[in-house]
Amino acid sequence: MPTSPSTVRVAILGATAYTSREVIRWLLAHPAVKITALCSRRDPLPTIAETFPEFVGRLDMRCEPLDPAALKDRADVALLCLPNGISMEYTPALLDAGLRVIDFSADYRLKEPADYAQWYNKNHNDLDNLAEAVYGLPELNRDKIRSARIVANPGCYPTAAALGIVPLLRAGLIETDDIIVNAASGISGAGRQPRPEHHYPERNENYEAYNVGRHRHEVEMERVLDACIRMRKSSVLFAPHLIPMERGILATIYLKPLQPISAEHAQEVFAKAYGDEPFVRLREHLPCTAHVARTNFCDLAARVAKSRIVVLSAIDNMVKGAAGQAIQNMNIMFGLEETSGLL
Amino acid sequence: MPTSPSTVRVAILGATAYTSREVIRWLLAHPAVKITALCSRRDPLPTIAETFPEFVGRLDMRCEPLDPAALKDRADVALLCLPNGISMEYTPALLDAGLRVIDFSADYRLKEPADYAQWYNKNHNDLDNLAEAVYGLPELNRDKIRSARIVANPGCYPTAAALGIVPLLRAGLIETDDIIVNAASGISGAGRQPRPEHHYPERNENYEAYNVGRHRHEVEMERVLDACIRMRKSSVLFAPHLIPMERGILATIYLKPLQPISAEHAQEVFAKAYGDEPFVRLREHLPCTAHVARTNFCDLAARVAKSRIVVLSAIDNMVKGAAGQAIQNMNIMFGLEETSGLL
Amino acid sequence: MPTSPSTVRVAILGATAYTSREVIRWLLAHPAVKITALCSRRDPLPTIAETFPEFVGRLDMRCEPLDPAALKDRADVALLCLPNGISMEYTPALLDAGLRVIDFSADYRLKEPADYAQWYNKNHNDLDNLAEAVYGLPELNRDKIRSARIVANPGCYPTAAALGIVPLLRAGLIETDDIIVNAASGISGAGRQPRPEHHYPERNENYEAYNVGRHRHEVEMERVLDACIRMRKSSVLFAPHLIPMERGILATIYLKPLQPISAEHAQEVFAKAYGDEPFVRLREHLPCTAHVARTNFCDLAARVAKSRIVVLSAIDNMVKGAAGQAIQNMNIMFGLEETSGLL
Amino acid sequence: MPTSPSTVRVAILGATAYTSREVIRWLLAHPAVKITALCSRRDPLPTIAETFPEFVGRLDMRCEPLDPAALKDRADVALLCLPNGISMEYTPALLDAGLRVIDFSADYRLKEPADYAQWYNKNHNDLDNLAEAVYGLPELNRDKIRSARIVANPGCYPTAAALGIVPLLRAGLIETDDIIVNAASGISGAGRQPRPEHHYPERNENYEAYNVGRHRHEVEMERVLDACIRMRKSSVLFAPHLIPMERGILATIYLKPLQPISAEHAQEVFAKAYGDEPFVRLREHLPCTAHVARTNFCDLAARVAKSRIVVLSAIDNMVKGAAGQAIQNMNIMFGLEETSGLL
């Protein structure tokens, strides 16, 4: 079936992941997109409705093998909902087949191969494309995203953290090496694979910190911040937590101002930085995860207490933290209205 | 270390199960019991505090292999928190070693080997002890439990259902072959093994029926009821559901009265049947799971509507539906106060 | 600001209710609708973003007083998210002002004024419009809805129940006077008004029945069913329950077949009845609330056990049970694609 | 009915509060305590089982008016589960009547009347007793508690925070004026009064910060810490959050070491400080709320990252954060085993 010139043809790779489910939910209501392939490494290959019964009667497609060459001329862009380390195995062939790539994994987020090797315990094996890839945070890199062949869709925590820190950092108002990001996430962020620690009775009525100072998103935050400052390195202490709910991230960010600052001033900095941004909302009240749930918004507010700026940054980890941001990137890459299908 | 004559020595087999955890919680506060062994089939054998960190500093024991002979002279009773089909492999040797047995599995609940074979897909291989075993619902079988060597601790759903049906059945007030038990349970009832369907994000914000008309507890309910009527067979339609919470069962039971009956009359029947029962509470208001959570109570209330008696029966599936009832049985078997350690 | 002829102008009355929030969420993505007024009886009148901060930056409107005359020429349809007994006070004037009405309350659902007086403790004071109103279940009354001036948007439980019963009833396969509807709902169905029993700590980890045989939706179910059979009256025993989650209803319906029937046969009856329906899905597996959450679908499956047909019927109480169904009705009334804005 | 000399007679004032419910739960299993009066300011005065149906059949008492004189010779200790500002109205008369007082409110926690006036918007009107009151954190003030007539039972957040900070502070290892306490609590901490923001659908699937830098527990934390250091003042930035669960607090505490320190060293400091404490557990793994739920334990662990010590401190806000700590204090005050009724 031919598609109109204005329709972007999308292939989703790793179609049985939660992030894929979220992408499909949004794309089904997107006015200028057609899903033309769902690819999976599973054997046997399921229909998408078998995998996610919410799609019964809404999307009647069976997954096909994950074969980049077979997507040539069938898709304009590949959304890679694949695990870390797997995306880089398929990306070169996808580019060769003429597709542009938006990768949900961490494979193209860290510019330094040494960072990747250290934090992901694996040598990067696609260095050329790594060098070319654009970090897909539209509020920072919109212009580069427009023409990018490969967009590294940001991690969920780094999205919340970076949006809450960058304006103050760029304005030169805060210490770069005394940043604390205390964040908590719903459980969908842990993926679809059942694990003992995410068994319902273990997670229900439970709140806990994990990987304090050792989470891979810490270095991702630092590299995003580093790119916004010259001659210096940022230092972020990141403490993630798990909340008994499905979705949502709230980052509580502790920043040290270089000079005394008022909350109003801090809010103004954000207002100026994000005045025209369609998906960042500066809030008077403290943000919460419920107000951004199932939206692509990042809600922000700043407070000042005990000589610290405390920034609250809320996103839906599955939307602005994954699928929604990917679609925002896709819209930018293909000249669509940036908010298309996302409001 | 010698124990006083009045102390019951308990061995828990299958110590890493949720039911074992619940037993330990209660026994730690039981005034006349000592846990003398924790047995597990795991390799390597964990300490109980590694398995359930809530016991750090409260119970400093390492699991030992599941060897009945090794328990001789070390325990008076074995609580078997083992899967169906496994309990009957160990029970004969436990009895030989001089222990009495309270079995949480279904192995000794169904008197007819054919029932067991049909519903559990396995031939029963301990028929002598099956014949001797007593169904451990104290409200029905207190006297037999007292002297039993083997007590089959009832299933959680059958406990809630039987307590809500038996008095009306014995009083000859209801049809025996038109009983509907609609029940819902918290997720702890599914055990500790992670499974895709009990992964937190699948279970949260979800409510569903499962195994309608095919759940193994249906036949258990019928056999318990059959034992209370002469010359007839009961017929129970059982529809279980899963609720996104940890613990609690509420059975909504639809019964057909033989003659028109008032709710007051139905309540009176329960009041008479359970007047002296320490763990059954006849409620004026409709019961709910929260009011029985972490207690050994079964809360009951009856209503009449559209020519039906509707009985609501609430228990904590982990307590009156498992660990608490086992301890109640143990108290009876060893001549302790029946409520000892349970109030 | 003029709207294109193809755009339906919508006024939402009772704009601070949860149902209003849900309507707004859907309408913001509806391609052929414009919200032209939000009306409230509150004083002072809030902006919608103050009431529901998720709409910050998405809908910049302040509520206006609830004055039907002021809506003349400004709206084509009024969606009444008002309490029972209030809708009928405004409906006549809304019709006079030239608007069509879709009422979320129970005011126009029960054709017999005596039923209304008995179950809602109030005399109906708009009998002419009551006689004219159409019960807005598209699967039953699509043709009448098309031309209706007043649509009574069905109750959430009756929607789930009726869709699960009517095909078997119309096919003459079941007893009309032995119908049991056991249903459970998320807490959003109870509305936005805080009450002690819906305080978070009371509702969390709790499951309970309420209003057994006394819920107002019982008579609504019966009247819907009565309209599908001749010369007889249906009798429904309805037992609602509350589940600790936000949204979703699953009805477990127990029906007595007149002749022995197989589950396959029952499924076929549903398949024929709903073959072309855009929002009813016959499922092979048992439905659950998660698969219909935030969709306008009703998922159905039938089983046969112990001489009963057990039908499972799942909807999202806020969508097919309220806002989505209202939009479906609106689409039909205004000649839009029935699924417009709903897929 | 006379009570044995070894039995402590307890009056609970404010008996319809959640904290009262929790006290009663524990005291029902306490071997050396008798509840002799439940007092309430409600009119009419309910039975405790009407207020909390879980106590049906377990505690058959009706609340009596809150009249201190009437408690003379009937109780040895009053547990005040009363709101801030109310406790100090009754405490003098309770002392006059010969009772000792354990107060759950904030009325006797802040030694400086100016602090109280500033943070609680009210002048303190019982200054003599304020001066005499002992802050009831046994790990800090055990000896003073023993003989205290008035114990100010600590706030929930300050309990978690102080236990996680004091050993490092006393050891002189950390900056006193750069302490960040990021903490999150279950909703029971907000009390039993229904409020719009704690309506189930508002709180479910929601996580948010509140009162950042403005919560009254911030000054309480500082005063507890101040008492442990000489000549200096501590400065705490406190950011509390709400988690969608009933109970549990986890504090994630960011401390600045004066000299570089290893996590092992920090753990050792805690091990030495709490080696003999019955209710503080130093954990190797990161603590979580589930492991301390319904226990009087505080679980602690320290990590070092980015030149900060990060201490995780978990308690059950209703137990170690309220009722359990009060009973621990009572045990100390009356010469009972400190763990009596609490393990």
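Each chain carries a letter (A, B, C and D) given by its place in the written order, and its residues are counted from 1.
FYI, contacts are C-beta pairs under 8 Å (C-beta built on N, C-alpha and C of every residue); 3 or more make two chains touch, one makes a residue touch a chain.
For clarity, every value in this text was computed on a predicted model and none was experimentally measured.
**Student:** Could you pull out the chain whose C-alpha mean position is farthest off from that of chain C?
**Tutor:** It is D.
**Student:** Weigh A-C against A-D on C-beta contact pairs and write down the one with more.
**Tutor:** Pair with the higher count of C-beta contacts: A-D.
**Student:** Using CA atom averages as chain centres, what separation in Å is found between chain A and chain C?
**Tutor:** Each chain's C-alpha centroid was found; their separation is 36 Å.
**Student:** Taking the mean of the CA coordinates per chain, how far is chain A from chain D in Å?
**Tutor:** Roughly 40 Å, centre to centre.
**Student:** Mind pulling the residue numbers of chain A that touch at least two other chains?
**Tutor:** 186, 202, 204-205, 244-246, 290, 293
**Student:** What residues of chain D sit close enough to touch chain C in their complex?
**Tutor:** Chain D reaches chain C through residues 18, 187-188, 192-196, 198-205, 244-246.
**Student:** If we count contacts the way the header does, which residues on chain A are in touch with chain D in the complex?
**Tutor:** 180, 182, 184, 186, 202, 204-210, 212-214, 235-237, 239, 241, 243-248, 250, 252, 254, 286-290, 293, 303-306, 308, 310, 312, 314
**Student:** List the residues on chain D that touch chain B in their complex, please.
**Tutor:** Those in contact with chain B are residues 28-29, 31, 53-54, 56-58, 205, 281, 283, 285, 290-295, 297, 299, 343.
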